[in-house]
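You will see two complexes here that share subunit A, one where it goes with subunit B and one where it goes with subunit C.
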Partner chain A sequence: MTSGRVQRIWRFVALPLLLIAIWQIAVSHYVPASSLAPTPTGVIRGFVELLTSGELLAALEQSLLRIAFGFTFALALAIVIAVLVATWKPFAYMVDPILETFRPIAPIAWVPMAILWFGTGTYAAIFIVAYAAFFPIYVNTLAGVRNIDRGLLNAAKTLGARPTFIARAVIIPAALPSIILGARLGMGLAWAAIIAAEMTVGSKAGGGGSGGIGQMMFVFLLYRLDLRYIVVGMISIGLVALLIDAIFQLIGRRVSPWLNRGN
Partner chain B sequence: MLGRMTRGAPVQWARPVVRYVVSLGSFVLVWYAASRWENNPNLLPSPQVVFKQFVLMVQSGELLSSVWSSLGRLLLGYALGALVGVPLGFAMGMYLPLDQYISPLIEILRPISSIAWLPLGLFIFGVGNALPLFIIFYGSVFPFVINTIGAVHQIDNRLVAAARTLGAKRWLVIFGVIAPAALPLVLVGARIGLGIGWMAVIAAELVGAPSGLGYLITWYETMLLSSRVLVGVFAIGMVGYLLDLGLRKLSAWLTPWWDGWRAND
Partner chain C sequence: MKERLTCEGITKDFVNPRSGEILRALGPIDLAISKGEFLAIVGPSGCGKSTLLGIFAGLVQPTAGRAFIDGKLIQSPGLERGVCFQDYALFPWLTVQKNVEFGLRARRVSANKRYDTARAFIARVNLAGFEDRYPHELSGGMRQRCALARVLANEPEVLLMDEPMAALDAQTRQILQDDLLKIWGDGSTRRTVVYITHSIDEAVYLADRIAVMSARPGLIKAMINNDFPRPRPGVREMPEFARRTNEIWQLIRDDALEALASTQK
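Now for the complex of A and B:
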C-alpha cells in the first residue's frame, strides 16, 4: 500500500518538477540575461518582494472588491428575473427574447463601451463583472425553477400560500442547487473577465491608477518591464480562481447536502 | 419542430413571432427614447444611427473583413486545441499512468485563465497573429482534454468487452467502439471550448492584434465613434451565436442517437 502511495505521489510531482527544472536550467545557462526571461527562483523572489511591499495584496483586494460588488448585483438581479420569467408568462414573452439577444455577446466585448460610459475606473470593471456573472446565474436559475416538482408548487397553492411566500419558501430552496451551480460558473467567468477589463483599461489609462491585478500586470509589462512580476500575477490569478471555486463547492455542499454529486 | 408547428393552424407559429417582434421592438423603442433623453451620440447613439453605420460598414467591406480575420484566428487556434486536446484526452482516458503524470500539470495550468497569459504573451509574441492564436489554443485545449477523458471514462465497459470477445483488434476497438461512444461528450467539450475560444479572440485582439473585431471596437472607442463600437459589439454576439448554433447542429447530425443536446439548450 505504501509503495502504491509513493508511486502516486511520484507521478503527481514528476512532470511539474521536471518542467520547472528544465525552465530553471535553460534560462540560467542558455538564455542571455538581457532577454529578461525569468527563472523559477526569480519568480519566487518576485513573489516575496510583491507580498512584502504590499502591492500584490492591494491589487488583489481591489479586484476582489470589484468582483464582490458586481457579482452580488448580478446574483440578485438574475435570481429575481429568472423566477419571474419562469413563473409569469407575459413577463417571459417580454424579457426572454431581449436576454437571448444579449447572452451571446462576450462580456469582454463590452469593455470599450464600458470605458466610454463609466470611465477607466472601478465602475467600468464592476459593469463587466456584473454582465459576465449575470447570464450563467440566470440560465441555471431558470432551468432550476422550471425543473421544480409541480407537486410541491400545487401543494403550496392548495394550502393557500401567497405568491411571494411560494417564491421564498418553495421555489428558491428547490432551485438552490442550480442557483449555486450558476453562481459558481458565473464567478469563474467574472474572474476571467475582470482581468481582461483591468488590462484593457490599464493599457488605456497610461499606467494611471485604475488598479486591480490585471492593470498591475500591464504596468509591469509596459513601464517596469519585469517579467517575474507578470508570472507572479498569473500564478496569483490561478490561486484565487482555485480558492473561489473551492468556496463555491463548499457552499454547494453545505446548502444542499442531500445532493451527493461527486464533484 | 418547425414541421410540427406548420402542420397546425398558421396562428401557432405566428404567435411566437409576434411576441418576439413586440419584445425586441419595445427594447429598441426604450433605447431610442433613452438616446433622445441622453442626447449625446458619443455615449448612447440612437438605434437608427447604429443601423446606418452597420449598413455603411457592411458596404465598405470593413465589417466582413474584421469578422473574417477574427474567425480565421479562432478556427486555426481552435483546430490546434482540438488536434492536441482530443488525442491527449483519449490517451489519458485509456491509460491511467499517463493520466497520473499529466493531470497535475493540467490542474496547475487550468485555473490560470487564457486572458491572464496576455501580458506575457504580448511580450513573447508581440502584436500580431501569434498572440491570439496562442491565447485561443490555450483557452480551448483544456475543455477538449478534460471532456475527452470524461467521455472515455463513461463508456460502458461491456461494449469494449463485447468487441474484444468478437475478435476485434486494438485499433478497431479504438476507432470502431471507443471513439463513437465518446463522441457526444467530446462534442460538449468542443462547444465549451468554442465559447471560450471566441471570448479569447476578442480579448487578445483588444490588446494585441492589428485587425479583427476586438481591434475594431477599441479603435472606434478611441475615435469616440460609439455607434461603430456598438455595431462591432453586436457583430461579436451574432458571430458567437452562429458559431454555437452551427456546432450544435453539427453535433446533432454527427450523434443522432444522443439526446443530451436538447437538454443542454
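Now for the complex of A and C:
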C-alpha cells in the first residue's frame, strides 16, 4: 500500500473515529447509567449480535430489494415525464402543477393510503419508496432537459434525426449528468423513507429481520426500547447508502467524460 | 446553370418583448443559388445572415416569403442540406467516430456500414487517428473538421455553413479553407455551398459570388461576381484581391461601424 493511499484512508476515517470517541466519553461519563443512551461499544456488540443471528443482513436484503424496485420504477417514470414536460407544452401545463402540488407531501403521509391501495406488505413499501425517490429525479431531469444547448438539437435535426431518436440519442445523454444528480438525491430520499415505507409491512413479519431494516428499527423502538439496535440500523443504512452513492458517482464520471477534465 | 436554392421575398420580424414593437430583422430577400455554386454572404453583425441560413436549413420559419430547394418548398431540415455551425455543435458525450456516425445511426444504417463510412469521411477531413477522441480533447480546428465529416457522412448536395471558421486562429483557418475547397469538389460533382462569414478576405478567397448585406433590416446591398480563376493558391497576393476586398469593405463599413457603436452604447 502506498503512503498516499494510507493517507487517504486515514483522512476518510479520522473524523468518524473522533466522533465515536467523543460519543463514548460523553455517554460513559456524563449520562446516568440508568438511561437508555447507547454507547459505541454497546452498538458494536449489538451489531455483532444482529450480524451473527443473520437478522441484519436479511433485513438489509429485504429493504434493498424494495428500494431497488421502487427506485427503478421512480427513475423510469420521472425521466419519461420530465422529458415530456420539457418538450411538450400542453403536457407541461397539465402535469407540472399537479406534480408540484404533491412534491411537498412527505412520504410518511402516504402510509395509510398505500395500505388502503396495496394492502400491508411489500407493494405498499415499494410505492412509498418510489414516491420519495420520484421528485428529486423529476426536478433535476427537467432542469437538465430544459438546459440543453439548442445548437445540439438543431444539429441533430439537420442530420436527419426524428423526434424519438433525438429524445433517445441527444436529450437523454445531454441531460444525463442532471439525471444522475437527481438519482443520487432520489436514492438518498428512498433510504430516508424506508422506515415510513416499512411501517406498511406490518407486524406480520414478527419484528424479525425479514420485515426489512426500517421495520426492524421500528419494532425495536416500539417493543424492545433497545436504542442500540436502532443505532445499528442507522449506521447500516448510512453505510449502504454511501456505497450506492459512490457507484452512482462512478457512473456519472463514466457517462459524462467532458465534465471532469480536471480529475 | 440549374438553380438549386432559391428564396422569394423572405422576411423575418421579431417582436420586442418589452414594447411589443415589431422589428424587421431581415428582408425582403430574393436569392437564386446555382447547382455547384459557392456563395458567400458577408455582412456586419446583426444583419440577419445567420437567420437567412437558418431559413434555408429549415430551422427557422420566415415571417413572410418562401425558400425552395430544387423547386420544393423548404419547411423543415432535410438530408440534402447539411449544416455546419459556428460552435461546431458536436455531441460532447460521443467520440469523433460516433459523432460522425450520428446521421447514419439516425437513418438506421447498419453498424458495419456506419463504421466504414465514418472512417472514410474522418480520413477525408484529415482527422484519421483521432476517431476515439472526445470533442473536448480536440483543438478548435479539429472540432470543425469533425463537424464537417459528420455533415459529409450524410452526403448532402448542399452545404450550409454558418461562420464555420470564425472561432479559429488565422493559420488554422487558411489550412481549413483550402481543405474545404478540396471537399467542395470539382466539375459536375461540385456541391452547392452557402457560406456565411464576417471575414471579407475569406469570402473573396472562397466564393464564386458574394452577397453583401446591410444591417437593420438585413438586405442584400450588392451581389459581387468573384471570378478569380481556380485553384486560388496565390490569389491573396494579387492586387485585384486587395481591390475587391476593399471594395466590399467600403460597402459594409458604415453598417459595421454603426453596429459596433450600437453594441457600445
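By definition in this document, the second predicted complex is superposed on the first by the 203 of 263 C-alpha atoms of A that agree within 3 Å, B and C clash if a C-alpha of one lies under 4 Å from a C-alpha of the other, contacts with A are read in each partner's own complex, and residues count from 1 in each chain.
One rule holds in what follows: a contact is a pair of C-beta atoms (placed from the backbone, for glycine too) under 8 Å apart; a residue touches a chain by one contact, two chains touch by 3 or more.
Computed from a predicted model, the values in this text were never measured in an experiment.
When both complexes are overlaid on chain A, the residue A:G151 reaches subunit C alone and has no touch with subunit B.
Residue contacts after overlaying the shared chain place A:P173 against subunit C, while subunit B stays out of touching range. Look at A:A161: by the touch rule set out above, it reaches subunit C but stays clear of subunit B.
Contact with neither subunit B nor subunit C is seen for A:I20 once the two complexes are overlaid on the shared chain.
Touch criterion met: A:F102 reaches subunit B, while subunit C stays clear of it. Judged by the touch definition given at the top, the superposed model places A:L77 against neither subunit B nor subunit C.
Taking subunit A as the reference, the larger set of touched residues comes from B, when subunit B and subunit C are compared. Touch criterion met: A:V111 reaches subunit B, while subunit C stays clear of it. Of all the residues in subunit A, the ones that touch subunit C in their complex are 149, 151-152, 154-162, 165, 169-170, 173-174, 176, 255-258, 261. Within the complex formed with subunit A, the residues of subunit C that make contact are 57-59, 76-77, 79, 81-83, 85, 87, 89-94, 102-103, 105-107, 134-136, 150-151, 154. On the subunit B side of its complex with subunit A, the touching residues are 19-20, 22-24, 26-27, 42-43, 97, 100-102, 104-105, 108-109, 111-120, 122-123, 198-199, 202-203, 206-207, 213-214, 217-218, 220-222, 224, 226, 229-230, 232-234, 236-238, 240-241, 244.
In the complex of the two chains, the subunit A residues touching subunit B come out as 8, 11-16, 19, 36, 93-98, 101-102, 104-113, 115-117, 191-193, 195-196, 199-200, 203-204, 217-218, 220-221, 227, 230-231, 233-235, 237-239, 241-242, 245.
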